[in-house]
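First chain written, first letter: the chains are A, B, C and D, and each begins at residue 1.
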Amino acid sequence: MPLAELTEALRRFRDERNWAQFHTLRNLIVSLNLEASEMLELTQWKNDAEMLALLDEPARREALADECADVLLYLLLIADTAGIDLATAAREKLGKNAEKYPVDKAWGSSRKYTELSDPDTPNRA
Amino acid sequence: MPLAELTEALRRFRDERNWAQFHTLRNLIVSLNLEASEMLELTQWKNDAEMLALLDEPARREALADECADVLLYLLLIADTAGIDLATAAREKLGKNAEKYPVDKAWGSSRKYTELSDPDTPNRA
Amino acid sequence: MPLAELTEALRRFRDERNWAQFHTLRNLIVSLNLEASEMLELTQWKNDAEMLALLDEPARREALADECADVLLYLLLIADTAGIDLATAAREKLGKNAEKYPVDKAWGSSRKYTELSDPDTPNRA
Amino acid sequence: MPLAELTEALRRFRDERNWAQFHTLRNLIVSLNLEASEMLELTQWKNDAEMLALLDEPARREALADECADVLLYLLLIADTAGIDLATAAREKLGKNAEKYPVDKAWGSSRKYTELSDPDTPNRA
């Protein structure tokens, strides 16, 4: 199901419930943050190995899939409300990131682009 | 560009920079939360009218599109790392939401599904 | 109860449960974010008038007090773990903010300090 | 400097700048979340050892102290606006937590109180 179809299904879902009145840009962005936070809660007190083990437990794996879905659904509502084409925005942002993080400087480094040429902090790689 | 192509482009971007070592599920989920928060920052101190006006300023509108893109990019990396099909998860979650929020009970109400039949709090509609 | 006493009570609470092993700086910061997000959830779908009305409902008022408390408790654990004196840090930060937001430039404006002298965007006041 | 004095200093800071108009409960809670998120950003891509090393770098240590301070300052504004006594709320919440996490059940376990007696998931300790 492509993004346009999902957006169309979301609009129907919203309008059948008369919820457009609550879907201001600000409210939708708060809700996306709440869903992102519920995803973060799945990581609470867990180290990397425990996170991987979580993927083998069907109930927790489904919980992660549900949180991913919730974030996507609010993201589609935000983009639709703001008149933003999400796929285009993502492709363009990936292009900007490629400029901010040129391969030769960013290779094997987790540093922010603003710190990539800082001479005092050697890359980890 | 469908989600599968974007995911493929993201993998290339990550692997050209030798970044898979940093992309644990936990780190990716933290990063998605940080991007969601940058989107929230665009709403700081603004009321609903000011948020709509923001869409008419090209620089701020592009900032919102960029934050939407950043959230989507991390979401795709999380889904890819966890082996989750994002479009399927979203369609299924929308089905669950339809059950949690039946039209006759949820119409015009912003209450959480756990409070939908609370007799003491009349729906706002 | 001053902050030092609260910190002492928190240490006892943690050590009686053998929880220090989980209280890495990173885990504590994630937990503080989750508590902040639970506070944000109390604002979901609500406008300013509805937020004020919430203060008159004892159950929701207590929920807000509890979330405030949870944020403070994690903040004290973070400061204690990092060896930061919270009250001193707050007093010093207030001093920095006073420099970043001089009264004559910031009066009646909600703009970020980086945009305070932007000639194209008149202050709202 | 006790919390009451800090709150008094914050009120003066706010009123000298005519900022009370922006300090709705909702706006303050959003701002607290943004500050919590800036603290989270200090952990991005870092493991526990790297977080400890951060405490030995004066600039990053000060950044952490500043973020802790920002969270406390917004927390004090929220409590002041809502008429909540923060120290009392924290002491009472610690009491509730002690009931939710009895020592004999919670010892050495990072599980949520709702899962403490789940027979299928043995405590880690």
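Operating definition for what follows: contacts are C-beta pairs under 8 Å (C-beta built on N, C-alpha and C of every residue); 3 or more make two chains touch, one makes a residue touch a chain.
By chain, UniProt protein names: A, B, C, D = NTP pyrophosphatase, house-cleaning of non-canonical NTPs.
None of these values were measured; they are calculated from a predicted model.
Fitting chain A to chain B on CA positions gives a rotation angle of 180°, reported to the nearest 5. With centres defined as mean CA coordinates, chain D is found 6 Å away from chain C. Once the centre of each chain is set as its mean CA position, chain A and chain D turn out to be 24 Å apart. Residue positions of chain B touching 2 or more other chains: 22, 30, 33, 37, 40, 43, 45, 110. With chains as nodes and touching pairs as edges, the resulting graph is complete, every pair of chains being joined.
Of all residues in chain D, only 30, 33, 44-45, 110 touch chain A in the complex they form. Those residues of chain A lying in contact with chain C across their complex are 22, 27, 30-31, 33-34, 37, 40-41, 43-45.
Every residue of chain D that touches chain C in the complex is listed here, in rising order: 1-3, 6, 9-10, 13, 16-19, 21-22, 24-26, 29-30, 32-33, 36-37, 39-40, 42-43, 46-48, 51-52, 55, 61, 64-66, 68-73, 75, 78-79, 82-84, 86-94, 96-98, 101, 103, 106-108, 110, 125.
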